[in-house]
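First chain A sits with chain B, and in the next complex the same chain sits with chain C.
And then the complex of A and B:
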């Protein structure tokens, strides 16, 4: 990770954010039961216990996505990452985790590192991941087998890489939305939220 | 992990230990110690929650306190669940538990009461509940001299009934005159991993 004692570089910031997405996506897939809990193993990161997948296919898929994301983060061409959870049988979108990314385009590889400690950034990330865990207390139970999709919103003129394809937004009909905390590396800022299908009323 | 996930994991670990055919004598591994501490915490939690439910059946409980760390005179953190503005209605007007819980937790989540950037510290938790002095509860111990600590910030979670939806009058201040504080006879120690 490229972060000096004095601050964060553009490349370092991209690595921090990409790493957050890797752990964040794993956490969501675990917490929402998209994959069986026994296919996850516990690791320590951000000074907390996290669940990461041991499923080889899923691991490879996420590695490829995160690697591409890192590139786009360095180029400041990515605007949003969205994790969509759909009912396997009906394809209905049940949940939508959206991560909005703001990038300070004045930051270049040659720029001086920004003064923000890794420790502070990791504390902010820890809060977001704790909120992902805490969200299971109010998100509706996903009672049917579900699948997930990852959508990335990029700048309009970006060339779509191989193995990626264009997609619609996969919005939820009649949704409720809850904002999570944000974190910032001082170069990239990530705002998180979750939208879910409105459940039965009280 | 959430409470439900911990309970699930513990049950799974207990089942896999019972399924082992061989018995071996060896020094206790640290992972096993962690597992036992987790099991102990879950057992303590379960007992306190069960006894709270018994208390709720014996008396109105307008306030529950969670004192964490420090002492009962000066805890490190203090949380109160205040229910004195909740109206008890008949069975046919009962709210659905699952919906209520989801709304409650969503409100807590959005209020961001418990999310903290500091690493969570391991602290024992003591539970206090305000109940009628003559309710006949056996497990909780009356603490007539107990006063709610004032030198630490009290994070209050208040549950109320919408007055437009319920014609039953709310309890008045004077209704709580015969209510005293009861303390759970054990602290929930917790564990770290």
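And then the complex of A and C:
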């Protein structure tokens, strides 16, 4: 990727962020039990062991979304990526994992690689994923069967691609929000946060 | 070793002797060299030499003795050695013999041990073989016992089976009879069923009529309830109307009371006026009182004088009458006095009250006058402040409008900060101006202050000409107030700013977005949509199944009342999966049917065996022709049709007449009529037939 070059380019940064999203979404799906744990297999990345799904349909969906996301990251037109967990019985949104993306637009024009070591970025990503795993301690249990959806907040003037459509923000009624760690590649900065439905209000 | 040591001592002595001898020779020339002085010395030396020679001789003697001893000792030594050697050789031989013996013994011991071990092994093997044999024996004995028991049980089973065969044949007969009786019952029951069905139809019709009647009843009940409700409402209205009527009836009385009260009011007002008039009268009356009292006193004195002058001739009765009249007059006058006094007191009280009221009103008016003066001053000050503030506000408004027109986004905080900074700069300017003014005022006040153009600075252009110290101070005060107001507003704006920032952050965390700038997209075929679709399909399929099952249940319920199970069971078997109970029952049925079949086979076999045995042993084949009729055919019968018939009846067997029995008339007479024994007859018949056969 960018380990052979001395710095981080826009394209390299987009790749790093897209890869993080791919592994992060898999981790969240495994931790929250959206899919049964036997459909996941262990891989090593970022110097830690992560769970990745083996379900073919899910894999296809994720690769589609992540590849489109990479394009948008290169164009700096994406603002947020949200993973929404909905309860199938009541159609209520129970959890919302939001990743804010701040893009340094000056990187588009200059096209000179920025000085930031890949190792530092990986360390930051590692701590974010560890925090996601640890969040299981305070998030309420998901006892009913749930499904998830990925929403992307983009600029208004963007052309909507073929297989995508507009949707609502799927905001939780009466939520508690927790801000998690962030990491930056010096071109893209990703802030993570999780919002969940208050248990007493259910 | 002792020999060697002795030898060594001998050798050493020899050596020492030889050495001495060698030594003693050189000192001999010494005595030759010495002179006179050496004569004593020579004699001494000679004597010494002689002594030494003597000693030498002695020693030689000793030496020879020793030598001899030594030789003797050597000889004895040699002898001893020889002897010892012999003894040693003997011992060695003995030792060798002993060793050989030892080895022989050891070999023997080993062989014996081996034999012992072999023997023990053999023993163990034998013991084990013994044990095995014993076990075999025990097993065999057990087997024998088992076989014995089995034999016994087999015998028992045979006997029990024979009994069972008998019992079963009886049962079969009984069952046949019950079958016929039950068919008859069935026919009766079917007739009853038809009757019941007819009755049921009538009853169902009645039920329907009842239901219709009930529905109409319920409708009537509903109507009744409605009417009752309306009645209740009407009664309520009626009661309300009554209350209103009563109240309305009370109205004229109230009007009368009103009139009366108004009249009373007018009267009281008049009485009040009268009171005032009465007060005036009181004063007049008081004066009159005084005058009348005086006149009364004069009158009384006059009368007294008159009476004193002319009362010498008057009687005491006239006096008393006069006294009484005087007393009465006194009393009336006293009463008048009291009434007048009371009126006076009341008027005095009123006067005092009025005076106090007057004083209060005076004080109130004074206070209000003071307040008015203070408020006038306040008003003047406020007017000045208002002027300043309006000008400030205009300035701020213009700034705000300029900002609003410049920027369209929602980032207010930098604008607010800029405004705050400008306000602060203004404040500082004003303050500095204020300070300068004060300094100028302090300088110029003793000289008679007159300012010109030094005060034409500051925002808003308010401070143009100052001519009085008080005006200058009031302007300072206004400046300070303005500063405080601006500070307060700044703080308020900062708080608002913080609140708005927090709200923004919160909304951002919750996922809010600006629809003007942002758009939310998602994949069309996302897992949630797919899951919802699947759920929908599942729901639909489940609902279909539910409706189907409900129809089935309804049909079952209807079908159960009509007892047409045969029509519906094929449907059931197609649609419903067989339940566990049904499967279990089917299995049980199959197993019982199998058992029945097996039992039948066994019974048939046994019966057949028994019949053949009977036939063979007794010589007669006994068949059942009809109920209670047995046919006996002999082994040796000449024709197939030759048979005897018998039937049990009335506690004993009767032999019926057949064609064959007619031929045996003699034997019938003999054995049956005379001897009354059927077995004898039968045996006679067999013997007869047998004899005929053999002969023929």
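Just so it is clear, the second predicted complex is superposed on the first by the 194 of 202 C-alpha atoms of A that agree within 3 Å, B and C clash if a C-alpha of one lies under 4 Å from a C-alpha of the other, contacts with A are read in each partner's own complex, and residues count from 1 in each chain.
As a working rule, a residue touches a chain if its C-beta (ideal position, glycine included) is under 8 Å from a C-beta of that chain, and two chains touch if they have at least 3 such contacts.
Computed from a predicted model, the values in this text were never measured in an experiment.
When both complexes are superposed on chain A, chain B and chain C sit side by side without a clash.
One of chain B and chain C touches more residues of chain A, and that partner is C. Judged by the touch definition given at the top, the superposed model places A:37 against chain B, while chain C stays out of reach. Using the contact criterion defined above for the overlaid structures, shared-chain residue A:199 touches chain B, although it does not reach chain C.
After overlaying the two complexes on the shared chain, residue contacts for A:124 are found with chain B alone; chain C is out of touch.
For the three-chain arrangement built by superposition, the Cα-centre angle with chain A at its corner and chain B and chain C at its ends equals 40°, in steps of 10. In the superposition on chain A, contact of A:49 is made with chain B only, not with chain C. By the document's definition of touching, neither partner reaches A:182: not chain B, not chain C.
Of the two partner chains placed by the overlay, only chain B lies in contact with A:135; chain C stays clear of it. When the two complexes are laid on top of each other via chain A, the two nearest Cα atoms from chain B and chain C are 15 angstrom apart.
Touched by chain B in one complex and by chain C in the other are residues 179 of chain A. Those residues of chain B that touch chain A in the complex are listed here as 1-2, 5, 8-9, 95-96, 99-103, 105-106, 108-110, 112, 114-119, 193.
The part of chain C that touches chain A in the complex is made up of residues 506, 508-513, 515-532, 535. Those residues of chain A that touch chain C in the complex are listed here as 58, 61, 64-65, 79-80, 82, 84, 86, 88, 91, 96, 98, 100, 145, 147-156, 158, 160, 163-172, 175, 177, 179, 193, 195. Residues of chain A touching chain B in their complex: 31, 37, 47-49, 123-124, 126-127, 130-131, 133-140, 178-179, 181, 199-202.
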